[in-house]
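Below, chain A partners chain B and then partners chain C, in two separate complexes.
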Partner chain A sequence: MIPTKPNASDAYGQRLLSALKADILFQFKQGFYFVYLILSLFYLIVFYQLDNLWLSYIMPIVLFMDPSVLGLFFIGGILLLEKEQGILSLMYVTPLRIWEYILSKVISLCFISLMAVLLISIIAYKDNVNYIYLVVGVILTSVFFTLCGFLVATRSKSVNDFFVKIIPWMMLLILPCFLLVFYPNLVVLGLIPSVASLKLVWGAYHPLSFLEFIILVLYMTSLNVILLKYTYRIFQNKMVLE
Partner chain B sequence: MIHIDNLNYVYPKSGKHAIKGIDFNIEKGEIFGFLGPSGAGKTTTQRLIIGLLTGYDGQIEILGKERRLWQKDIFEKIGVAFDFPNLYLKLTALENLKLIGSYYKNCPKDFDSLLDMVGLLSDKHQRVEHFSKGMKMRLNFIRSIMHDPDVMFFDEPTSGLDPVNARIIKEQILYMKSKGKTIFLTTHNMTVAEQLCDHVAFINDGVLSAIDTPSNLMVEHGTAYVKLRYIHNQQEMETAFPLSGIGDNKAFKEILEQDRIITIHSGEATLEDVFIKFTGRKLIG
Partner chain C sequence: MLKLIYFKSDLKQLFREPMMTLLFFIPLIMAPLFKIILLIGVPFLQRFVTFSVENYHDYILAFVLLMVPAMLGIVMGFMLLDDKDGKIIELLSVTPFGRNGYLIVRLSFVAMATLIYTFYTYWIMGLYRLPILILIYIGLLMCTYGASIGMIFFNLATDKVKGLTYAKGLNLMLFFVLVDLLHIPWLTFLAGFFPTYWIYKIIENKGTAIPIVLGLTVHVVWFIMLLWITRIRKINV
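Up next, the complex of A and B:
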């Protein structure tokens, strides 16, 4: 007999938690947390050399790059490593739902980004920080970029193929952020998702009205929900059923 | 347990008509072998029943319900092992089972017993990336059955395994059958099919050419033979003759009388002979 014990707890929450645990363990064993730790330490060392005026400009940009660029790259690495190890096929033949699989990836990467960002900001920045703005900004940024990476990964055959394909996307998403330097008050720039999420993180260190904060949050949340639904559909067709 | 009626499937991208109107039934507690050469349609059929491929014509009834109507809950009741191991390479054997097991309502508690079943207990803290193929396949096997499913799907379960590992897997499949589990097995290995299956179906180019018990197929469609190895004109030769009417076979008698015989062996028809007779194709994996 195979010894078994029925689990009476809520199956949906239980599976999502299990998937999260699996993802965090997978990311830890693949060395993702180590990379984050080294990068965070590097930032901390650099930031310690700077005064707060410089930091107020550099820190939000660096902390924005962390969930965005790293999130974009990490999700591709994770997905394609899992594909190579047959984990994707495995997920399809377990009761784990596809949305649970996607959410677990998004949440786990968001968690790791948030930890790194908070660690750096709390240790290195001595002036006032609006941590509500920072946390919300990092979450929305991380979710958006992770889902973008997810979509590119579904169209990639291997990790190398993913890295080739993600570069133009990264340029397309990140480069408009530099326009903020020249046109800081151009409202229309905020329609570009990366700019909108940078504005949120920036707002943690510089004045940002509550109204603008709410508008940006609603905008990014809506985009993320649409992107999540689209990712679900594409992922199901491309990665699982092929 | 599984009823397939007039199943047809065309791959949407290539347009290949992979499954062409096949029918079969699998009863509870039997091992059903789905046999055929590579590309014949056996994995496609298995993937249709499991639900990895959708958009088929015809009927697939599994566990009393049409496959289209099942949600992911079906995977609480069925277990699947593909022909390659699906495991986290950086995690240990035990970590793999614990993590994957936690997706099931019927999550196993005693992982040591499971690992012991396939001789992996002493390796439970070893990372899977350091496992041999045989160890990975054995771990993958228990990964697929650990939630105690009613129906199990095994795709080439002994493919690429040495005889010792293959025997362990075969014994476990028979053990599952003894517990009343229904097993759907795809393989191109006729020996495995002969040893394990209650019924086998031959598929070739998407068409089923025969379904019966292995012994019936061999008796009805196979031919027992006598094989001679002998020296003729200073050359070593080998010839097989049908066993029936061997006493009146002139060529056979001539060899016995005129040539120097090295060995004489009699043999029964094999499932592979029957398969070749039906399909004209050799079973090259």
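Up next, the complex of A and C:
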């Protein structure tokens, strides 16, 4: 039997999978899953009392504002706790690559978002939902907000410092979404990433043309790729090397 | 005299940390912000709905009032976590001030700020008229609520990530204010065990004795239970 050398891509996948497992376990131990289960149950109770017309307006907004953007806050806590514990400075002596570390955090937080959103939507919404739009919308939203949180966390000294810095960012990202109420057909608003994300989630419950969906997906995907590359560079320079 | 020094030190810590300063002063901005949202949002909403938002002013007032102790309790919780990390509690436990003295000062700081902000928020919102005695009573109940939130943090959170998780979970208690709108008997029964529900009931019923007595009972039971848990757990000492 001739031993075969492991494929490089297999090794990448294996490391990413191990990091992902560790992250999910950590988040489970920290009570993220428990809190979001309780929160989802609470939303289900409330949504169950509303008729579908109200729900079609309230549900996408709530799903966008809460479970989809959870990464924005939690990533700061996780990252800065790991920094305090000295885990980041040990990264160079482990086989784990920096991008694998970032991806693992992003995917694990995205997973909680997706679970919470699907649980609420499947049980509470009785009309038709375009689940492809919803899943794609939530993934892109979650990745974008987690990466934003990642960037802010890399420039923060402590968890408290992170909170101070994240509040203006949160305002900057979330407040333009309210403009959609007054100008629902203004195309330029879609250039604001948070508005584009909200449009995607909204599109799962309301008519959204396939062309607009594709444009929004391509736009958000490109933004996320650029943000991922930028986060990688900043994270390496600011957190790991320093 | 000794306690005054600790109050001063609390104030210093508050201003040293931008996050603490920000969160402690957010209630100052929050009330006018809600007022503006109501002034702009309600006429807009009224174009689409047939019911009058005015019928829900008691819910809105209870919700905004309760956000103050919830927020301040969490701020204090994070300050306590900072002290836990810095081993301050261990140091203080061997001084005449002791661990209990430390906790009393910290929690009364939240209580005092809550009381001041209660009057401020009520005055700014100007939504719903309450007898002054009832307002003072609500303010005092909310002082114990804010302190309870701080103690829950102190007892449960071992690090700031856990603190974040608990902050998210504890905020759920605010929604018990709105439970009567849902007309679910078991949920209303469950809400009865939480302090937040009784703040709304007192506001809704103004001078009625039952919510006043039951509200006091629930707040006191929560506070005593948390003090008892804190004493048993003796964290970091």
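Here, the second predicted complex is superposed on the first by the 230 of 242 C-alpha atoms of A that agree within 3 Å, B and C clash if a C-alpha of one lies under 4 Å from a C-alpha of the other, contacts with A are read in each partner's own complex, and residues count from 1 in each chain.
By our rule, a contact is a pair of C-beta atoms (placed from the backbone, for glycine too) under 8 Å apart; a residue touches a chain by one contact, two chains touch by 3 or more.
Remember, it's a predicted structure, so these values are computed and weren't measured experimentally.
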With both structures fitted on chain A, tell me whether chain B or chain C touches more of chain A's residues. B
May I ask you to decide whether A:207 touches chain B, chain C, both, or neither, giving the answer as first, second, both or neither? neither
Where does A:15 make contact in the superposed view: on chain B (first), on chain C (second), on both, or on neither? first
After the superposition on A, what does A:38 contact: first (chain B), second (chain C), both or neither? second
For A:78, is the partner it touches chain B (first), chain C (second), both, or none of the two (neither)? second
Check the residue A:96 against both partner chains and state whether it touches chain B (first), chain C (second), both, or neither. first
Applying the touch criterion given at the start, work out whether A:30 contacts chain B, chain C, both or neither, answering first, second, both or neither. both
Which superposed partner A:161 touches (first chain B, second chain C, both, neither): second
For chain A, which residues lie in the overlap of the chain B contacts and the chain C contacts? 30
Chain B residues touching chain A - in the complex, by the definition given at the top: 50, 52-54, 72-73, 75-76, 78-80, 82, 84-91, 95, 99-100, 102-110, 113-114, 143-148, 179
Touching chain B in the complex, chain A uses residues 1-7, 11, 14-15, 18-19, 21-22, 25-26, 29-30, 85-87, 89-90, 92-97, 240-241
The answer for chain A against chain C in the complex is residues 30-32, 35, 38-39, 42, 45-46, 49, 73-74, 77-78, 80-81, 159-161, 163-164, 167, 181
Give the list of chain C residues in touch with chain A in this complex. 17-20, 22-23, 44, 78, 82, 159-166, 168-169, 172, 175, 182-184, 187
